[in-house]
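Next come two complexes built around subunit A: one with subunit B, the other with subunit C.
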Partner chain A sequence: MSDGEISRRKLLLGGAMVGAAVVTGAAVHDGELGMPSQTIKGALPWREGAADAPPIATGTDYRFFTAAEQAFIEPAIERLIPPDDTGPSAMQSNVHVFLDRQLAGPYGRGDHFFLGGPWPKGTPEQGYQSRFSPAQLYRAAIPAVESYAKSQHDGKSFRELAAPDQDAVLKALESGEAKLEAADGKGFFAMLLQNTLEGYFSDPIYGGNKDMAAWKMIGFPGAHYDYREWVGRHGERVPYPPVSIQGRPGWSES
Partner chain B sequence: MAGKTGSALGWVVVGMIAAIAAALLLARPSAAAYTPMSATTLSTRALTEVVPDSIANAQQVRLGQYLVRAGDCASCHTREGGGFLSGGFGLNTPYGTIYSTNLTSDKDAGIGGWSADQFYAALHDGAAPGGGALYPAMPYPYTTRVTRADSDAILAFLKTVAPVNEHQPPNSLSFPFSVRPLVHGWNLLFFRSGEFAPTAGKSEIWNRGAYLVTGLGHCGACHTPKNSLSADKTRQALQGGTLDQWVAPDLTQNMRTGLGSWSVDDIVEYLKTGRNAHANAGGSMAEVVAYSTSILADADLRAIATYLKDQPPSPEVGASAPDAAMRRGAAVFSDACTSCHMEEGAGQPRFFPPLRGNAVAQQTDPTGVLHIILAGDRTAATAQRPSALSMPAFAWKLGDQQVADVATYVRNSWDNRAPPVTATQAKAVRKSLGLKKERLTEDSTDR
Partner chain C sequence: MATQLPPVDAVMVGFGWTGAILGQQLCDAGLNVVALERGVWRDTPTDFATTFAQDELRYMWRHHLFQNVAYDTLTIRNNVNQDALPMRRLGSFLLGTGVGGAGVHWNAQIWRFLESDLKAYSHNLKRYGKAAVSAYDMTVQDYPVSWDEIEPYYDAFDKLCGTSGKAGNLSGKIQEGGNRFEGPRSAEYPNPPMAMPYGPTLFAKAAIEKGYQAFPHPSGNVSRPYTNPLGAQLGQCTYCGFCEKFGCGNYSKATAQTTILPYLLMKPNFTLRTESEVLKVETTADGKRATGVTYVNSAGEEFFQPAEIVVLSAYVLQNVRLMLLSKIGKPYDPKSGAGLVGKNYAYQTMGSVNVFFEEKIMNPFIGAGALATVVDEFNGDNFDHSGLGFIGGGYIAQMHTGGRPIEMIYTPPGTPAWGADWKKAAARNYLRAVNLSCHGSVMAHRGNYLDLDPTYRDSFGRPMLRMTFDFTDNELKMSRHLVDKAAEIGLAMEGVSTVKKNYRTGSWSVLPYQTTHNTGGTIMGDNPTNSVVNKYSQSWDVPNLFVTGAGAFPQNAGYNPTGTVAALTYLAADGIKSQYLKKAGPLVVA
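And then the complex of A and B:
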């Protein structure tokens, strides 16, 4: 019975959390939880020239990761996607820029996650279960991973390790064998791998996939989004070069 | 014009011309800021409401209601959120903003107190009660052709329109255009009053079409090119005009820029539904279709089409596009345009306009095609085609050179031909449309 009881303390805490979310919460967007319903009458809303334009990542400087964090992230993602004959590495594709911009923005803040309590341990099928926003998880996990690496490898930082030792640290995180002090190492690894793949293959407007190299590697044409005219043309190679939401070199060459 | 009175009048005209020329030289272009189009829902039920027999002159009022549709009075004399025909709609002109007048039956702010003679004088002579002149933003060079019987019927209907006691805001015209009496000089130079006279030897339906097109329908107010004082270049009637960042296309029988490849049925379908196999009605024409042509009798649409199919073609304009621009334009087109307009410009007729043979794309003046690429466009919603399809804006995505190149490509592919477009032209339209700064939808996320 006592498990099912809602204690007075829990109830007060929960109420305080909800209140804080309402007061300090980021703007609620159309389609998100908490957005009031709208009634549209007459004509559908339309305004000349208006666009739901995506924010375009600029520059290759760091805006989220500290120097200490960079010292882990750069070699770590380079082990997840190393350079080889097939295609560029994560660093060559600017995945670190993608991660940095994502963690500095709404994704990092967890704007699209429900981060309120309670926080019972979820099942793997339930996906990401944490009170941390992604940015908070990276911030907490990286120093913990460094401590773990030092404890396992004679006080050497992750960057100082040879590639096989770096792999050993990452594998220990992935399997859950590495128990971190302040963060869920397995959850962090899963997120880092997921985000690295996203940065490698997503549209270059988000900072990664430099020169659409990952798309060229796998023959993906990118944001060319209609192929009706090709449905009946079997066995032919689709000639379209990859194109980003922001275009491709062919749009501008002389 | 011989004799003493003739030469005296001649001197007056010369004086007026000198005055206007001087005024023009002093004038500085101060076009009103462009107002972006948005989804408008004007209160126009009164346009189609059945006039009850209980009204004494029901027959005449019904005719007047129909003629108000034919004249598309509502588009300019009703503003978003305002009462039907209560005016206050701002027209952007090269000289500033002119606000439309209140046509409701209100005795103070509207025309409730006007006599039939006064109303006829406004339509026929551009004269306001008391002797003042209307600005030719009111298309009296066209409504002058309206018969007295039709004028009286229009007034009879307007007197049944619910009164709205609202005066339009004062016009914001630059000097010297703010000096209303100068319009008398403009009238002397450019305005010829006179009711419509049928052309002998032409069919009744042709003459009905001519009455509507050159009269109440005032098609040439947009579709005829203008001189430096915004008067029609009458020798180029219906050859296409540019106004308020739009191009009203050529309506002559030119095969590229005009209606040469459209049949009478095509024109009727376009005017009735807002779409046909060649084009969708967008821009200001969407309003004309919504508030006028889609609610006219089929016989009148056929008459309009018959008259338009008899207009001599405008002259051909030669053009050749640079190879590099065509290559870049093809790349942009393939990635950004083909999902609706298809690789060969075939489009999805009646949904997404074909660009092969497209008249708007091939207008000599590229303002219209640049406007559509940069800001997007929206098709008229009609009873037959109620979905107001829209094209997205590309201003946020394409640079000036890319906009120019894709326009050049569309204007010169698949047997299309029109002068190439420069980045400077694209930049100018972007600036006029106020699109130099990204304009975001209200629900843009992640910003």
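And then the complex of A and C:
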């Protein structure tokens, strides 16, 4: 391993640890081409302080969504996972923050997508066939959904609609019945629903799943590491409160 | 102009499971070996430490350990009448990359094929007649390897991994608690079975009441601390539920990293170069001998690595593509049926049954990649197929791989995908549902194959691989049969409220995730007219070229492939060591 590589890893991880790396996507991204080639011989390479730790999202402000986009995203995800006695809603879980950080980062830019052409329309079996990265798809689809909503509901924007009308718009996207001008509405809905579930149930380090309330709702203990004593305790509830990769509130007390 | 490097005895292209196994075997035989891996170096403490390994978003949904399709993907279509389009995002299968390959993020389900699987053509022909093995344009053929030949190598892999399980057939004697359908084993598993959570326990009970056997899934997540024959140590699995799609931070899952690399990388005659993408296998002018490989490092510098032996030890899809790009062998043509490289691409037919309980708490998050109890009555030819209209089969298992909530919340039939009713059902059923996996075979069919795409190119400007694949009625009928049988067992589980059958229907689709068990394309056989390689994974056309991996499978069985992939690699190593090194040339004369 060359010294050049060590210093690069340290530099990148240093960035990730202070949290500044989230939006710029500077976290170490293994599996990518572009790191220096290594020749490994006669030893197992290992370096102190080089762990490929995940990037941590910070803040709850908007960095990706414009005001007009916020006006759609907030009510839309609140219909996908609404507030009620069962558990937190998408907004209560900061799913909007999660979406914002994801779209501002590597995922939004199409990391781990192949976006090269040509781009003919495919069969449903061929899956995602857009030339848009996720961020581009959100950017293109949201105004198109707003136009569709206005055309169906007396010129009202999505936010102004009553909940059943909002649901009708979302269902028309889901089924493909709503034909949008500049984007694949069905594909956009599938991505929005998937990303919303990700924000609701992923580790809180990514900005959503506030207070791990969604994990508490279903009974998932989170990033817990050892269940050996519970494997054979059939039918008993595991009493551990959820834990994040960053720990949990109780850990800092005592 | 490529820089010429000093020649070596063997160069390996790709450094996952088969590269590590063959590297260890050849280095122990004294050969000077270089492995070229296009991905990065990866190890447990750095890349998947327990402090951050349990991260569903990063690894499963953001593909952190998977092949990045931005640089290299393939094109896909269901049949020759369609235009193939790029797989723009991984879905149905999750390709690996980097040191350890897909073996880093596997579940460690370690199976042996049935004796009848190895003779899929002649066995089914004899029992069911010609129509059974030629319907649906089937191009099924036998493996050129007998059970007795392959068994010692299955055993070697079990000992390498510390496989945890219970034998069902020890040297011909049926054993209580194991799989009585398996071929005779020379030895018991190195470690006892994993401890079973509630779901697999209730499933086994229901299966036994229905008159089936039920046995613990053979597991490469080890049930107790284990030191393998190379001196590598594995720790007891903690059932954290993050195996499949994740790296194991606990040294509990058998991978190249945990079982071979600590030994192999210390050998003075072994060299690993990472971020080194092989562009082509070079051959002599007559095409009868490989002279080495040309590769590019991440700085864009090109090298020629001369070698006496060249091994394609990358993933199936990459091996096939390198054969085609290097113009070795004749590409398969589905219209004429001529040519062999790319022929008999196969996959896995996955169905499932979700089982919902009235009140019982199943704790799905207590998981491990191979934590399950299994019913094998409907696999291979373990049952009479007369009148069923298909051959092949699969196992049914109550898999407890984990309860990762973005992927693994099951809701009862009729539940919407979002909204208040979805949330209520998710909250209610997360702890009270389990999944029965129906893991079925795919036979070889004339229209399923791999070749080079005429339109799309990778980041090096080389044609992408093109996959043409669909399920036929043979697979869909087989899978339906498995799902129906699984649902019967599910409904007999104590405390059940309802089940949801998830049949495999329609054409193969890039979504959802099914399994990363791609097979065929460099198939093995008993002579050069029916296969690309012989039983030692040696190319018929270029005898100093070996091609390892599941590409060798003439068709896929109803089991996970890695056990057989590893066994065939050990067989190849033995062929090279015991015969080829004494007299270089074809190891099988046909």
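Heads up, the rule we're going with is that the second predicted complex is superposed on the first by the 211 of 254 C-alpha atoms of A that agree within 3 Å, B and C clash if a C-alpha of one lies under 4 Å from a C-alpha of the other, contacts with A are read in each partner's own complex, and residues count from 1 in each chain.
Assume contacts are C-beta pairs under 8 Å (C-beta built on N, C-alpha and C of every residue); 3 or more make two chains touch, one makes a residue touch a chain.
Computed from a predicted structure; not experimentally measured.
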| item | value |
| --- | --- |
| Touched partner set for A:79, first subunit B, second subunit C, both or neither | second |
| Subunit C versus subunit B, contacts on subunit A by residue | C |
| Which superposed partner A:197 touches (first subunit B, second subunit C, both, neither) | second |
| First, second, both or neither for A:240, with subunit B first and subunit C second | first |
| Touching partner for A:248 - first (subunit B), second (subunit C), both, neither | first |
| Residues of subunit A at both interfaces, subunit B in one complex, subunit C in the other | 29-32, 41-47, 50-54, 106, 111, 223-226, 228, 245 |
| Subunit A residues within the subunit C interface of the complex | 1, 29-47, 50-54, 79-82, 84, 86-87, 106-107, 110-116, 118, 120, 122-130, 167, 170, 174, 193, 196-198, 201-203, 206, 214-215, 217-228, 230-232, 234-238, 245 |
| Residues of subunit C defined as touching subunit A within the complex | 38-43, 45-52, 54-58, 61-71, 73, 76-78, 82-83, 85-91, 97-98, 195-198, 201, 236, 238-241, 250, 261-262, 265-268, 270-277, 297-299, 360-361, 363, 365-366, 403, 405-406, 409, 417-420, 422-424, 426-427, 430-431, 455-456, 459, 506-511 |
| Subunit B residues touching subunit A - in the complex, by the definition given at the top | 36-41, 324, 327-328, 331-332, 334-335, 338-340, 342-343, 374-378, 381, 388, 390, 392-393, 395-399, 401-402, 405, 433-435, 438-447 |
| Touching residues (chain side subunit A, partner subunit B) in the complex | 29-32, 41-55, 105-106, 111, 223-226, 228-229, 240, 243, 245-248, 250-254 |
